[in-house]
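Following are the structures in question.
Each of the next two complexes has chain A plus one other chain: chain B in the first, chain C in the second.
And then the complex of A and B:
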């Protein structure tokens, strides 16, 4: 994979005539950098309220792409800490043409319950991220946005392309626009500014500690912060034990597994 | 002082110029005046209730909530649902509103059990289309105790949108925006706006409206009053000028030193009008009486000052000290008023004894005989004679009335009922009463329970204790409903277990709470528990706005709580705006008794110094003490509450009422040197009594202006003060002839 990246780095200047790539080209590179077949990892997130109090939870994530063309995924999220919620899990099976299927397993109930599919604007696990954000980070919907290159900037010491993404007519989104900063080296998202429907800055996503994931050829941010500028709430996320495209047991993404884990 | 006073008639033009300069300089302080309408900060920082409220705020933040209510026959209809959605969105965008914490049917997340599984989402994410869907929505609302009776009234007539405000919000901006929203969405249904910030803003606007109304009315009334007393243009213009200057100086002083206008000091201009005009009346009364004895204006000024300087100075100092006695209160706005009143009365005395002589010195002494003894003299003479002749009857009447006054004084209700600040038809009061009637109540007492350990509220034993305690709270009188994380756990437990409910285990509580976190907004979740799950808050909604009901409730809860929380350290903290009122009530009672004693002591001591006689000093206090008892008796009899505004009464009655006694006794002992006691009493009643009568009339008329106030406590204060002035006047006129009458002297003299 490193060879492919080196190839791109060598060949791109020739392809683009030594000029900066267009916004769409950068976004295509971004999508490529984030596209995965499967992923495992541990997420520790801390929600910090505007009063400064915090609450930390840890969960194990298993993600598997179930449709390459449609870029839909199966997701299993299982809490591992704190102890009293360990074992609580949600299973989501994304579909391209119908509503997602979602189940909740509470160890206290010992059975799983089907739950209505989360809406795109619903908060993800009580964090400042929404299901729409999660979906966009897994697979940027290139057809649904107009991208405009705003320039090149430095973000936390890294050279980045600054791009504006405005939803096309008919796109279902909670945002009026997003401003994106894509790392020129890894093509990962360094920062996103989200604007609400009224055009006001809503929240800022920032990625830190970008490192290669083993020798998978992929890079990932190991630390992320999302700050809601309107409410003052902050979510800090730390990732560890990433494994990309190492294969996951597809049996995991079933109601039976959920209840018998 | 003597030199300064003589300067006024020896250099009248210089003095008038200086007065003008001072008026301009101090007048520039008036625009600096600020208004304070909040009751927080009224209590001393070391007050235990105040400390508890502050500690509760540390854990759960300060929550000022505004409420919009949509009242209709049935809120489960498309047009009402659309209004709830739009109003929630618009409310979230108002400046000062915390957008993620707006609570309504449109924002609240619900988890409902369906045949296929769990339905999660907002109640109004998709507007129902069919009748069946509306019925399902109604059933979902009725099945969720976090909504039913809280955001939608039982029966569905009132739907509420609640919006917490961020710290530092601008009350005026929020109020205007809410009023605009309420007008915009007004239709067949009624839109109510309420909540503490709205009521506070109503008070603020009422204060401004009062100020704009009171001062002109009071000044017009004293114009008329002075003309009726003296029938001369200078007899009107000079004292009115003095009154206006006194107000400008005092309010400018307030502006410069940063004392704000409050619901209490709002009454100051009118009190100043009454007090300053009474000084002016005594001065001008003597000026006209002495007119024949002087050849020039300067001479007449000197003679008037010589005669009235001391009594006016004494009354000014005693009034000022009476007001200063309010400093004994532990309530900020009363202490502030004590300072303002003390300074203001001294300013009025100073202006009376400098400006009036200076102005009079420039005038020629009045020659005409238009200034008559007045129609009042004859009735005053008759009253005095009657008292002297019917001493036993008069004494008997007092002996009958006074015990009744003592009895009714004991029945006075303490504390301000905030809602009853406003007239019945006031929109804010109607809204609050509608919320009280349709929902669990609009006043909230927050009880923070400390579980003593990280995550302690997830402990099943603690949960059971909380549940039992909350059930107990629900049975207390005045409590409309209660709300805590227990309701969340119970609702989720029932929903996930097909409506079956059993006491949850530690892990069940933890998992239900996490489910709540995953589905609700942080504002919604952490309004009832801290992020570390160490403390839980019970919201107790109160239907009554009577501070005495709140006080009784607080005491009962404190007394009974230990039987629910036996573990050491499981302390309760009490928060919410009702707690400030409870503490205020405590200080009002304590401060009131101390204030009465201190005011009487200070004034008595001053009179002792001035008269150099303990008997005379006690005599000055006699009509005041009896009048006070009668006023308190009346308050108890007709149910006027002793609140912040009415607490001023003692200081004002003592401070201002002492004028009557001092003038009467100074006049009596002066004439007593030449006449027998009964004749001296009759003479004093006729001559000094006349000035006192004018003084009383000017005070009564002046204080009556306060009854035009938009606030009931200020109205009550105004007419009670006016009534007190009448009582002191009558008691002065009845009691002195009663106790100072010496028939033996007449017999000896006759013999």
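And then the complex of A and C:
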């Protein structure tokens, strides 16, 4: 008996060491890989409608965590190109226990106006991403979902954990479920399939060009595509000039800065 | 004792420090430059007594630059050039903006020549009466905003802000008295020797007079109380639109020569703005006291009135990402002395009891439709401005619009109905 116990005690660490982590453990690693204090970068996105016509916009983003525990952020997004929209900017202050504060600056009017905080299902700047998607990618709400490991798969040449995320009762979301593919090396999202409230596939998010961001220790996808399978619309996003945890001037997250940038 | 190796090490370290410092400096300096050229053509449907042209054409070059050092310092410049074969007084090249700005902790400071708006409302604000424009055209002023020399300071904490402005006294709007469809100088003057008799007359000179060379001053305090965005503003300076008087010159020769005396009087506006939202609608309002002067029966009299306004606006987006709709509606009511009806040529009183609608529908990435309408209920006038915009490429755009003025002659829109027109604007971003 002692021999059997000794055998199991000897083999147990090896068994655990080679066992795949649970879905929740992977999601915790994912959240850690995306948890930042601040971020700067340039986003160039192209919306391609199902007719094939496209529109490209470039904006500068500044993000800063305003509550470490709640993982809520201040976001300043300023259009820089093309020139007819340059200067248009939005400032969002996320809150964990109340509605976000949001302001819009329109250079033609030369005033910033407080606007009703965008609904989570509203499309972000006309893209196929919604405000809920943005919020979830900034900080996965682990308490609001049940995660289930579906296996391990290869996505675009990268080994990934395939996980299903189903919202818990009471979670405010526009999706009935999400299927997630998390990169085994960097723990970043490689792909997300979004399902609408009727359980139909709505859209697919895919991330490409995953590279380290300077010497910050963080990795980021430098190219993203979101395809709406129901409407045929596509958004292509290219990121550049990433800077993570390099410090962001907190004065930027003010209405005055918005009007005087 | 300093050895050769030591000197070499020192030099290497120094070079390294200098290189690092230079790299840091180069990453802090950023610059952006932008240019736009446009050609504008207008065709008026009727002839005008004020000016005999039906066609109007002009080209403009707009060059803007911005240099920043880190997040705190920024310099801006804008150089504009006009080319107008018809009206040579429009031909000029000028610096419309040249300013430096500093953004510190809770403070913003900007000094120099700056293009700014005095009102803080999504629609028309009483404080916008202080805006300085080039009034070559009275309807299309947004591209004609003039830079002003002065200083703006903002002190803020969160969304609470105190804004102070001080600008030089002689910041005037540009007014065109001759050969302009919006200004009709008299060609006949009353004959003092014969009642109801008129004599031919001719404009000889323009004299500018200031009641007082007062600077343009502004103070504004804004605070957010829950869902209420409130702002108190005060603005004081000379009115950019002068009171004009015709002064015949002593002579017996015909035509009689006369001078136009442009007299600049003080304008003061105190306003309270309140804004909030209901669902997807933004709601905003203004109550303002305006203290100005006007000409009445050849006398300059006080012109004090209350300006009230209520507006809503909303933005819709649709499943098709190419389409969106913006809508803005504003109701304006001016509470003035009912015994002194304003003349249609008093530009500060275009709106008395007005409904304004401004809408923009993007049908696709290429095509947009816009419509601006004004219904002036007191003076019984109206204005319709439909516009179609074609975005041929990201840098090339064309806009065709119609400006339709109508109503009774007692209203601004009815008085100038002969200025209804079509316009075509072609713009190209540079390079």
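Operating definition for what follows: the second predicted complex is superposed on the first by the 245 of 261 C-alpha atoms of A that agree within 3 Å, B and C clash if a C-alpha of one lies under 4 Å from a C-alpha of the other, contacts with A are read in each partner's own complex, and residues count from 1 in each chain.
One rule holds for everything that comes next: a contact is a pair of C-beta atoms (placed from the backbone, for glycine too) under 8 Å apart; a residue touches a chain by one contact, two chains touch by 3 or more.
Owing to the predicted nature of the structure, the values given are computational and were not obtained by experimental measurement.
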| Clash or fit: what happens to chain B and chain C when chain A is overlaid? | clash
| query | Which partner does A:88 reach: the first (chain B), the second (chain C), both, or neither? | reply | first
| If you stack the two complexes on chain A, which partner ends up touching A:115: first (chain B), second (chain C), both, or neither? | both
| task | For A:98, decide between first (touching chain B), second (touching chain C), both and neither. | result | neither
| What is the contact status of A:256 with respect to chain B (first) and chain C (second): first, second, both, or neither? | second
| query | Once the shared chain is lined up, is A:198 touching chain B (first), chain C (second), both, or neither of them? | reply | first
| request: Figure out whether A:107 sits in contact with chain B (first) or chain C (second), or with both, or with neither. | output: first
| said: For the combined three-chain arrangement, which segment of chain B clashes with chain C: 219-227, 399-407, 417-425 or 525-533? | reply: 525-533
| Which chain A residues come up in both lists, the one for chain B and the one for chain C? | 47, 49, 51, 53-55, 82, 84, 108-109, 113-116, 122-123, 126, 231, 233
| note | chain B contacts chain A in the complex at 61, 93, 98-101, 116-121, 125, 455, 458, 496-497, 504-508, 510-512, 514-515, 517-518, 521-523, 525-526, 530-532
| note | Listed in rising order, chain A residues that touch chain C in their complex are 47, 49, 51, 53-56, 80, 82-84, 86, 101, 108-111, 113-116, 122-123, 126-128, 231, 233, 235, 249, 251-252, 254-257, 260
| Complex interface listing, chain C residues touching chain A | 32, 34, 36, 71-72, 101, 103-106, 108, 110, 116-117, 120-122, 142, 154, 156, 158-159, 161, 224, 227, 229, 275-277, 279-280, 282, 284, 317, 319-322, 324, 364-366, 394-395, 397, 429
| remark: Residue positions on chain A within touch of chain B in the complex are 47, 49, 51, 53-55, 57, 79, 82, 84-85, 88, 104, 106-109, 113-116, 118-119, 122-123, 125-126, 198, 228, 230-231, 233
